[in-house]
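Report on the following structure.
Letters A, B, C, D, E and F mark the chains as written, and numbering starts fresh at 1 in each.
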Amino acid sequence: MKDIYIADLANFDEGKTFDGFFLVLAKQQRTTKANKPYLSLILGDKTGQLEGRVWMPDDPRIAKDFEHGDIVKARGSASRFDDRLQMKIDQIRKATTSEVDKADLLPSTTYDVVELWRQLQSFVDSFTNPDLKLLLTTLLADPALAQAYREAPAARQLHHAWLGGLLEHVVSLLTLADRVAPHYPILDRDLLMTGVILHDIGKVRELSWEVGFDYTIEGTLLGHIQMGAALAERTMDSLPNFPPKLKTLILHMILSHHGKLEFGSPKLPMIPEALVLNFLDDLDAKMQAMTGEFDKSIREGKGPDEMTGRVWALDQRQLLNTKRWLGEDKK
Amino acid sequence: MKDIYIADLANFDEGKTFDGFFLVLAKQQRTTKANKPYLSLILGDKTGQLEGRVWMPDDPRIAKDFEHGDIVKARGSASRFDDRLQMKIDQIRKATTSEVDKADLLPSTTYDVVELWRQLQSFVDSFTNPDLKLLLTTLLADPALAQAYREAPAARQLHHAWLGGLLEHVVSLLTLADRVAPHYPILDRDLLMTGVILHDIGKVRELSWEVGFDYTIEGTLLGHIQMGAALAERTMDSLPNFPPKLKTLILHMILSHHGKLEFGSPKLPMIPEALVLNFLDDLDAKMQAMTGEFDKSIREGKGPDEMTGRVWALDQRQLLNTKRWLGEDKK
Amino acid sequence: MKDIYIADLANFDEGKTFDGFFLVLAKQQRTTKANKPYLSLILGDKTGQLEGRVWMPDDPRIAKDFEHGDIVKARGSASRFDDRLQMKIDQIRKATTSEVDKADLLPSTTYDVVELWRQLQSFVDSFTNPDLKLLLTTLLADPALAQAYREAPAARQLHHAWLGGLLEHVVSLLTLADRVAPHYPILDRDLLMTGVILHDIGKVRELSWEVGFDYTIEGTLLGHIQMGAALAERTMDSLPNFPPKLKTLILHMILSHHGKLEFGSPKLPMIPEALVLNFLDDLDAKMQAMTGEFDKSIREGKGPDEMTGRVWALDQRQLLNTKRWLGEDKK
Amino acid sequence: MKDIYIADLANFDEGKTFDGFFLVLAKQQRTTKANKPYLSLILGDKTGQLEGRVWMPDDPRIAKDFEHGDIVKARGSASRFDDRLQMKIDQIRKATTSEVDKADLLPSTTYDVVELWRQLQSFVDSFTNPDLKLLLTTLLADPALAQAYREAPAARQLHHAWLGGLLEHVVSLLTLADRVAPHYPILDRDLLMTGVILHDIGKVRELSWEVGFDYTIEGTLLGHIQMGAALAERTMDSLPNFPPKLKTLILHMILSHHGKLEFGSPKLPMIPEALVLNFLDDLDAKMQAMTGEFDKSIREGKGPDEMTGRVWALDQRQLLNTKRWLGEDKK
Amino acid sequence: MKDIYIADLANFDEGKTFDGFFLVLAKQQRTTKANKPYLSLILGDKTGQLEGRVWMPDDPRIAKDFEHGDIVKARGSASRFDDRLQMKIDQIRKATTSEVDKADLLPSTTYDVVELWRQLQSFVDSFTNPDLKLLLTTLLADPALAQAYREAPAARQLHHAWLGGLLEHVVSLLTLADRVAPHYPILDRDLLMTGVILHDIGKVRELSWEVGFDYTIEGTLLGHIQMGAALAERTMDSLPNFPPKLKTLILHMILSHHGKLEFGSPKLPMIPEALVLNFLDDLDAKMQAMTGEFDKSIREGKGPDEMTGRVWALDQRQLLNTKRWLGEDKK
Amino acid sequence: MKDIYIADLANFDEGKTFDGFFLVLAKQQRTTKANKPYLSLILGDKTGQLEGRVWMPDDPRIAKDFEHGDIVKARGSASRFDDRLQMKIDQIRKATTSEVDKADLLPSTTYDVVELWRQLQSFVDSFTNPDLKLLLTTLLADPALAQAYREAPAARQLHHAWLGGLLEHVVSLLTLADRVAPHYPILDRDLLMTGVILHDIGKVRELSWEVGFDYTIEGTLLGHIQMGAALAERTMDSLPNFPPKLKTLILHMILSHHGKLEFGSPKLPMIPEALVLNFLDDLDAKMQAMTGEFDKSIREGKGPDEMTGRVWALDQRQLLNTKRWLGEDKK
């Protein structure tokens, strides 16, 4: 665990010295109004980001060799200027990934990734369809892919935009799908569960999460739907006797899971499993966004009688936390 | 049970005499190409409708006093003309509702209504919120309303368009909501279940189901959303201490359950329970439509490798019955 | 009348002392760049709002007990900082509603409310339909409702967003409807006029106008269409023999007056009176917006050859004041 | 007046001989099922259209020289075949426009065109703006244009689709605009009235009404908005000192009167007169459509408790005739 | 070449015997009005389709073993019934693909496929980029794929809906792209040409053209965009050193070539080559549709002053053949 | 050529004196935070715009008589305040258009206008249709129009928003159309080229380019489509025997060239030439926007692996410079 987090500095004594590890999100040469030059850094960790200023860039304790994307160790103090918090950096050097837990540098799931992974595998173990079980077992046994699956965020900015977010979202969806599947006899449960596990798998290639969360160029040009379909297809093609009909259905679920052409799905759901996948995926993302907004309102000190701000992920609606408004959260 | 149903006539021997009870859906004086006058009736029951022709309207065995909407008892025989089936009516008289089960005259749910009603009440019994439990108990104890709730179709033409369809749809939704609710801690389960029970209650006034399924004039001008909100509001106002916040939340769920302004909801879901209600309602209607289409394909003799026709309730998509295509339905 | 208005301070001598009554729109503890603490207040009246700073919050002449929403009496002076006008507050205390006319604290209609109310009632007196006349007489005789009807703004930000705006808008519409009604024989004039008077009545509950103009939580969750329909329905239900058909038609006009589903009307106009109401309501709102924009252009010193800025209420169009451009306004 | 109209034949004795003038709307050589050749004509007049069959095309009393679009005099008898009415034509010859009133051959306004024209001119006489008065006087003094203005339908199929329909629509709009104009001080009445008279003037070129109502090729490629603007511009350019600003405003009203880009207006209303013109034009067309639907329902024998069919001009809505439903039409 | 084509029968002497090869598009047992049973066949070839009736199904010259999709040889005669042409079938037997040229049974390109293929390859030969040249050479050298590429229609119903239509469309686009590419320096010509050749390659799997033109189940569930991307990706992966950036760009062009999400492209064009491909593809399809409509108008006997009917592929517009209207086609 | 350009000042020594000619884009009296009054000017030239402050407005070297829109000669020095560049103005006087090349004061095409004009005329010379050749020769021979055609920008802000931009865009389109026309036999090349030359001619009236680029009032109210059609119509009407069909077709091309009603075209393309004009115009504008974005990315120092920012003219897409990414631009 890190000594100090960006979020801690707000309540830190002005002038007191701190040491900490950060990601360099930006590095620029700038000048004050009074024409005094300085080096402006944007430093971040999982709790947020803040400007740090280096006033004596020629000081030997200020390294020259770090760049955007590097991890650094810095010593400095916090101060306020024009009501905004700022860091004054006295020493800085490049750090190595071994010195700090990467999970400290980017926002990450609050769940135990090992436990989430165990749940995912136990769902796969519950399959009765041997072809689908073999497909998923094969896929999740690929160490690089499994590692990426455990780390990837589910989005750059919206729902589950944190390390482990993809896995967290998938496990939530599996639990939900497991509850819903028995309600509809026309549903093939194992096929639905397979769709849940694979629908967003292209995100391990579409997004990068080394320095902040961003789209790769390939991700921008192709998208996770195409990338996920290609990855799934390659794996199915590698299995000697994978049934062609199952392959078509799985690819269809990946292609159609956004539910509308204008949301980037080239096909609309035409089988029961694809329809249910689209609904549950959308519902789970929106419920997560609601939960996040309610937490944010509490953090921001809003009262139970105040609606949230307008929420992008819910068409700019304002929301009301029912339980809190009714006083049920206090029970 | 009726002696003969419309659907049976397709395989009935031409010329053989039958007796049956039917609803009069239309009654018109017409003339053949050869200028021969006759009385044209459209007669229906729960299995369909067919034209019946009266060639001797002055025969004393042909009653004069029946009209559109009446139940009649008719004797006649089936024949084919230009490949279309037709009835020749020899005797006809007005019948009374005591002579025939109305459920035989209109399509109706295949479920046991008594059992569905029992399930509905047992869900209400499970509530821990006393205000919501009292509200629903009061409402369902109104004999006229309870009777209408058990009989009403859920729609005129689309999903659950049969007697008892509303109740069948609500019980399906309650079962589903009961599975989903524990998955999201921000949900107030009893409030969600109340929304499920009340969201379509305006349909008992919007629709009429005496003679076929149709909209009342009030239903056309006001809609079931407004009519349901008014009915719910009157009941809540009649309870001495019903909490005003609960009243607002329940009305909000009724108003917003279509999920989009362009679908006739004057408000979008702004609380977790309204969002979940909208998703589950939409999902259940679409899954029911899918199931119905798959059944229809089988009835029409389509093979497992053929997609359905274009389905209105699913944006004119064609659908594929996964289990049947995979051969899993034979297991 | 108040001694000084916010709008007057722009031309007030810097440093000269003023006294005035204001609404407290916000109250926050803040710090300058130089770490000097102060109390920041946003004070408003009907002419606008301005920041006032209290540099010595411990001075006994600075009251502690006022909050957001209170009316205060303040003594101070105006100054400019970084080109922005500001108040320095030396004394401040809570005031009572008896000390100041609330109409001075919020923007309000430029018409005489008593005269507008008289016109409204004289239109009701002109009705020949006794049921509609009784309905409106009953409604307007409720003192609390009548008071709210006279005070309510017609909107939070758009057309007629001032105290008395609802009444002003309704009387304008009544005058217009009275001119248009005889032109179409299929119109029932009294029914149309009833629709005009009741279409926005839900706004007395949807909006609050104690401290600025805002939506109530109930207003946000239910909307003025539903709230107005419920209010009208309750009143009609309270009249012993109110004709059910008239009730349906009145509710239909309230529900459909926005004219499109996507504007929040759950039903489209299906009777002549509802169609005309929707057109005149929309026309009057847009003509009021145009008039307001032309006045604003003159206030801002724009010449007759300049178009207005882009107008939100008219789809971001720019407008041209025809009469002014043609020089006819000088005649 | 014609001897017999198409609409009369429905109640005409079969076999009885009639004489009548008709428009030839189609002419085709055809064969019966039994391979018997005949000449099939579609003959029309202002009351409708019907097929007429010539069984002996070589009979000297059957002219050879008439074509689609000609007026003919025909002798024959009515008969029914397969429930459809038909004419058997025994004699037919080309007729001249002097033999029959063209108004008998196409649907035409029920108003007195001379009186409508007088009202139009009296509105122009009421103008106080000399430039606008001169413009309209000049335009309406052009005999060919005035003739076309009096004859033109207002549309091919929708509102006012009959001879004289344009004039009828414009006079209705003038009366309405004259009522509305004084209500808004920012309106220049004469400019608004000018817009009303000129907004659809391009229809005299866009439509042809010699044989049925149709679009000319020029009308299809350019549209009445462009054609009307060009016609108005040419006239204004021909007046020595017509003020350029007025010209711009008049053209803007013509261009923008459909109110939306997607309705074919290349510009949205940006002046008060254009906004009011767009609203009144749309309202008048829809009220005329409503009135027509109510008349049609009565003609078709629908009861006062039945809604109309779905109306194309009102977004496929069903409508209710308020006065008839309330029983007020009987007063 | 076939002895007789469906289109020829319209002018065939009634009763005269013909022999011909046809595709069986439907086969059904039916009954006449007079209850006479017969076998109804829909038989088709490249010029159209027609009903053929077998009145004596037990005749030994009537084969029992043919089904929907089979090629048959039939002997019969043409007759008219109720103005509709019909075939009376006296003898029928299954035929083999060796007896008849499949190109006679389905509509096919009027161009020489061998020549089109040569042009395609000569464009590939002109490439300067060795990777792209190798990719296309490899792909087109696959005999099965090359065969399918030469046969496939470009659509089921719209533009180029005939055998060889895909190849014809691609060669037209290559010629056009070759003209346009030099105009824009930012374009990589070889990359653009590669996009042209590959953009619709998925159609060889999406469509089937054995019996009429139809979508395969895989085609319906996945679409030609995904199927084409997968096919291209597999080929590129099979080339040892194919540059990954080129692979991404080629896949992006395939994914984005419909130009809009709502047209089924999961990505919008983000590189110059994809933008140009989308424009030229759309333009060429629309110009082909226009040309086809103009040909159809001439075939249907429309005059040069008549506009075409409403054209589905051009948003239901009517079109005018400029050259014909101006009389330039006669030059 | 000017001594100094706005863009040069960024790298100018602080304090060093410069002289330059500028356009006055704004002129305002303002005060500093410290209440020091000054005259604030926004001065611009073809390279950009910058604030200039006059601290001693009473100095006799500071002219009083210049206004918004005037050209001035100013002497001063550059300085930075709060990181923003600023000018301190010591002397300023009105200048005349003879002292400075107007092309230095507004952004202008990088092409040689004389050469572009020559190319335009040589395309006209290539026409074989004498009527079209005469029309264009007549039009381009009008000196005022020709001057405006050479100067006009093609837009206020989007593609080709610089002096000469209209001509540059038209010549690019002519070259492109000349390449495309032979590909489609149904195209009348001269008619298409005429459409290219005239489609945007209304912009010479819609836009003003004296002081920055802006819409005239007439341009805002009528738009370049109507203004261009009127200008073309007047010219055609002035030619004694211009064929009416050609006139209709040319006006149709002007009216429909935006391709969609919602883009302000009152008619959709219904002839081949109009369809091609719309496609090529749209393509050329988007390719120019892409080229401009790629240039801007290089100017801003973005690497070849970075996508551009979101581009307004391409639906907020990000773009990738293919050639640069592939390293082909270095060849």
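In this text, contacts are C-beta pairs under 8 Å (C-beta built on N, C-alpha and C of every residue); 3 or more make two chains touch, one makes a residue touch a chain.
Keep in mind that this is a model prediction, so the values were computed, not measured.
Chemist: From chain B, what is the lowest number of touch steps before chain F is reached?
Modeler: The least step count works out to 2.
Chemist: For chain E and chain F, which third chains touch each of them?
Modeler: Looking at chain F and chain E together, the chains touching each of them are A, D.
Chemist: Tell me which chains count as touching both chain A and chain C.
Modeler: B, F
Chemist: Pick same or different for copies chain B and chain C, depending on whether their interface residues overlap by over half.
Modeler: Same: when the shared numbers are divided by all numbers used, the fraction is over half.
Chemist: Just going by residue numbers, which of C-D, A-C or B-C has an interface where over half the contact pairs are the same as at E-F?
Modeler: Equivalent chain pair to E-F in C-D, A-C or B-C: C-D.
Chemist: Just curious, how far off is chain D from chain A if you go by their C-alpha centres, in Å?
Modeler: Measuring from centre to centre gives 63 Å for this pair.
Chemist: Let me have the rounded angstrom distance from the C-alpha centre of chain C over to the C-alpha centre of chain F, please.
Modeler: 44
Chemist: If you look at chain D, which of its residues touch at least two other chains?
Modeler: Residue numbers touching two or more other chains: 217, 220-221, 249, 270-271, 307, 318, 320, 325.
Chemist: Okay, what are all the chain pairs that touch?
Modeler: Every pair of chains meeting the touch criterion: A-B, A-C, A-E, A-F, B-C, B-D, B-E, C-D, C-F, D-E, D-F, E-F.
Chemist: Going by the contact rule at the top, pick out the chain A residues touching chain F in the complex.
Modeler: Against chain F, chain A makes touches at 30-33, 35, 217, 220-221.
Chemist: Can you list the chain A residues touching chain B in their complex?
Modeler: Contacts found on chain A: 172, 175-176, 179-180, 183-186, 188, 191, 245-246, 249, 268-273, 275-276, 279, 282-283, 286-287, 290-291, 294, 307, 314-315, 317-323, 325-326, 328.
Chemist: Quick check: in the complex, which residue numbers of chain F touch chain D?
Modeler: 217-218, 220-223, 225-226, 229-230, 233, 248-249, 251-252, 255, 261-267, 270-271
Chemist: Hey, which residues of chain C end up touching chain F in the complex?
Modeler: 14, 80-83, 305, 307, 318, 320, 325
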